[in-house]
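Several structures are given next for inspection.
Presented sequentially are two complexes of chain A, the first with chain B as partner and the second with chain C.
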Partner chain A sequence: MGDLTPEVQRIAGNLLSQGQVDLVLGWAKAPSNGQSVPACIRQAEQAGRLIFDQYCIHNLATGLLDHRDSSERIGIFVKGCDSRGIVRLAEDGQFPRERLYIVGICCPGMKDQAACDRAASGLFGETAGDSELAGKCRQCAHPNPVIYDELLGDQQPPFLNDVRFSDVQRIEAMGIGERGEFFSQIFSKCIRCYACRNICVACNCRQCIFDETRPQWVGRSTSAADNMMYHAFRAMHVAGRCVECGECERVCPAGLPLMLLNRKLIKDIDQLFGPYEAGLSLEEGARPPLSSYRVEDPDPFVR
Partner chain B sequence: MKNLLEYMGFERERYHTVWISGSEGEKFAAEMTGVVEDALRLGPCRKMRDETWAI
Partner chain C sequence: MKSFAKSAITVVLDRLAEQTRTYVPMRDGVTSNFSPWSERRASDLALNSLNTTFSPKGIVFPQTERLYDFAVDGQRADISGTHAETGENILFGARACDRKAFAALDQVFLRRGYVDTNYKARRDGLTVIGRDCLQPGPFCFCDSMGVDPMGADGADVLLHETTEEFGWEPLTEKGQALTLRLNDLLTEKELIRPESAGCRLEVNVAGLPEKLRGMFDSPVWDELSTFCMNCGVCTYICPVCHCFDIQVMNNGSSGCRFRCWDSCMYPEYNLMAGGHNPREGKRDRFRNRFLHKLEFFQERYGSFGCSGCGRCLVTCPHSLNMVLVINRLGEVKVDAS
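Let's look at the complex of A and B:
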């Protein structure tokens, strides 16, 4: 991949100076530690701050939620997964497509700065692969943007599409007791910081069930019961709408493999109601499978 | 939902969805007996339980 930073800066500068958009969402280098972070610029002169490198892993689509009540027009840079996030927001009626100027970037796969740092520190023993492609990119089926006004970079092949659900299948192959033990252990580490919910582009409800206190649907404590409830709830709430951007897993401070739940639901929904993948195309009035009813929907669970 | 619960380690028989009309008292009774039988056969569910739920 050639360096796209000059292109990114030129496009952002033009969009702002021509008044086509009021602000641009992209990535920049944090002055404090030189890491790639999401950035929002409003003046054409600031376009020089923007960059695009292999660490631009953040999904910027979620950032649009901060602007959903304004009337500003927004220029946004998206990778394949981010573009599906935009379809998600538009489909959920959270953000009008008309207010967006989308610059798609064909994504060669990103690296996770935190994982790279961990691997480089040598403190965590053998972490082969962590300095390579980020975990969330290793099972990416759609590296190329699915919705855009302008496209940068060369079309990329999907990554490891054949082993897409390999970890889900590994768990499905376990015995029921073993699975229960496996997930109990995982969720016992959850500190209920709600980072996975906050970063999630499918978690765009203004009022979240986990914030409600009357009634309090799920307890706030980090007990085994409440943690498991929380994660099962959240997985079901984004079922059929999760665009597999893997941000929940990336931001988790406890390092929980949250996509194990989401991918299981993606796999099941694809098999039961599919073929279906969330957020691939923006169609008028389209609804995810779990939000619509067809007489022929499978219902073996009900007697 | 049932698939997800099973995936997370909950036995299929612990979860029931049954369509029962208000006039189908007998069906309700039969189904509930079935639920109890299933639960007794499976024994106590210790998943999602810790010291705060000591029974």
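Let's look at the complex of A and C:
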């Protein structure tokens, strides 16, 4: 795939100079170290700052939440996973499709700058090197944007080369005790920094349950019980709405395999109420399975 | 100088850990941490890693710390059991940045009138074995923050590192006491101490606190915080950040009060009792974190609230960090009037 940066700059420049949008969300190089970072530009003259390369891993759709109360029109560049994030926001009634000009980019697969930095920093244990495809991309089945006004790049094949849900099946095969042990081990390492929640496009509630104090639904201690509650609550709150962008797992400083829970729910919902995959298309009035009810919904677990 | 061969490290750690819990840098899956040494986990020892993912601040300031228990019976309330841990601990292999961070925590918890008894108990019981920092990493900028990677500040013993050896230089009474314990394992040797390669990353903080006094309303805060997600990663992995909350765990008529880390990035942290939030927007919270570290901390304690350890440079989900912020603040022109 050729360098898309000139196209990105041209499109952003035109959108702004023709007054089609008020601002553009994309990626630029950080002046301090040349890393690819999210960028927001408001003038056509700044379009030259924008870039697209293999390190544009961030899901910019979550950033739209900062603009949900404005009336500004926004141009946004999205990869496959990010585009599903936009469907998420629109379907949840958090951001109107009409205010967006979406430039889709068929994603060539991203590298994880943070993972590379960790490897180079000496701060972390075992880490992925620079040459590898990012962890979240290795699980990606939809690299091509599902919603857009304009599309860049050539259609890409899925990057997932393992059997879908093989990671989940490994956990399902465990006995109940072993599984309990496995998850308490993992979640005992959570420092409750809430990066996984804050980066998540499905975590778009204005008032999050974890921030409430009266009553306080989940304790703030990092005990096994409180940590487990945090993760169980969050997983259930995004069940059927998680678009599998993998951002939560990417940003976790403790390196927790958070997608295991999410993918388990994706798998179950698909089997019980599906076929269903969240955020693949935007349809008038469509709702995620757990937000709607059908008489024929299976309920063997209700006794 | 007294010294021991690097190959004898487990013997030395075993000896120290015999009497005193000894925290050493250990690998833990994809992360690393200072954890208590035990023979069982010998293969996780990460002496060659640069810094640990999580800073050692939790040893003196645990993320969740039980303060006291209570039981209520009608009009009666019984308060029992304070849980201050007073035991002795050893921290083995702390680098200059993390020791500087301890100095900053000491300022907050010990030096300005109020003495935090729990912190004091843990701090008094801690013996710090520092080590030379010969090869600062690509994200280290401690020397810009006034830290000498080869300095001895904050160490009870300083380890001088050569290819084969660790030189052992006791610096305080606590250090002397440990020396006695290790006496038969230490040999007298002439060591040539290598020089540190120094930090490759530099920032310019000269005059920054003064400049920031006039920058509270600068639009640069909107610009810098645009992609801040207001999570707490940077505050929790930072060795200097020390904000906490005191909360209650209720179990019917009994429970406990505990202290836990809190983050100025969280909306709830800033919320006042009457419901007013003085730092409503993320810009406000972002600005507060950096002004605290670069201006207020300097004004109150005479040093920065950052020791240049570089942890936030690799953990921020959107690659915002101390260096980027300092550089950008430096560029901004402030109207002198």
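Methods note: the second predicted complex is superposed on the first by the 287 of 303 C-alpha atoms of A that agree within 3 Å, B and C clash if a C-alpha of one lies under 4 Å from a C-alpha of the other, contacts with A are read in each partner's own complex, and residues count from 1 in each chain.
Throughout what follows, a residue touches a chain if its C-beta (ideal position, glycine included) is under 8 Å from a C-beta of that chain, and two chains touch if they have at least 3 such contacts.
Quick caveat, the model's predicted, so the values are computed rather than measured.
Trainee: Could you look at A:G63 and tell me whether it touches chain B, chain C, both or neither (first, second, both, neither)?
Mentor: After superposing on A, A:G63 lies in contact with chain C but is clear of chain B.
Trainee: Just checking: does A:Q20 make contact with chain B only, chain C only, both, or neither of them? Give me first, second, both or neither.
Mentor: A:Q20: touches no partner chain.
Trainee: Is A:S166 touching the first partner chain B, the second partner chain C, both, or neither of them?
Mentor: neither
Trainee: When the two structures are overlaid on chain A, which partner does A:S291 contact: first (chain B), second (chain C), both, or neither?
Mentor: Neither partner.
Trainee: Check whether chain B or chain C contacts more residues of chain A in the superposed model.
Mentor: Counting contacted residues of chain A, the larger count belongs to C.
Trainee: Quick one: is A:R250 in contact with chain B, with chain C, with both, or with neither? Answer first, second, both or neither.
Mentor: A:R250 contacts chain C only, not chain B.
Trainee: With both complexes overlaid on chain A, does A:Q43 touch chain B (first), chain C (second), both or neither?
Mentor: neither
Trainee: May I ask you to decide whether A:I191 touches chain B, chain C, both, or neither, giving the answer as first, second, both or neither?
Mentor: After superposition on chain A, A:I191 lies in contact with chain C alone.
Trainee: Under the stated touch criterion, which partner chain does A:S223 make contact with: chain B (first), chain C (second), both, or neither?
Mentor: Touch partners of A:S223: chain B and chain C.
Trainee: Which chain A residues contact chain B in one complex and chain C in the other?
Mentor: Of chain A, residues 221, 223 contact chain B in one complex and chain C in the other.
Trainee: Which residues, counting only chain B, touch chain A once they are in their complex?
Mentor: 1-11, 15-19, 31, 47-50, 52-53
Trainee: Show which residues of chain C lie in contact with chain A when the two form their complex.
Mentor: 27-32, 46, 49-54, 63-64, 137-139, 226-227, 229-233, 235-237, 245, 247, 249, 258, 260, 262-263, 266-268, 271, 282, 310-311, 313-315, 317-320, 323-324, 327-328
Trainee: Considering only the defined contacts, which chain A positions touch chain B in the complex?
Mentor: Contacts found on chain A: 171-172, 176-184, 221, 223-225, 228-229, 232, 235-236, 239, 261, 264-265, 268, 301-303.
Trainee: Write out the stretch or stretches of chain A touching chain C in their complex.
Mentor: 30-33, 35, 37-38, 40, 58, 62-63, 66, 113-114, 117-118, 120-127, 189, 191-195, 197-199, 211, 213, 216, 219-223, 247, 250-251, 253-255
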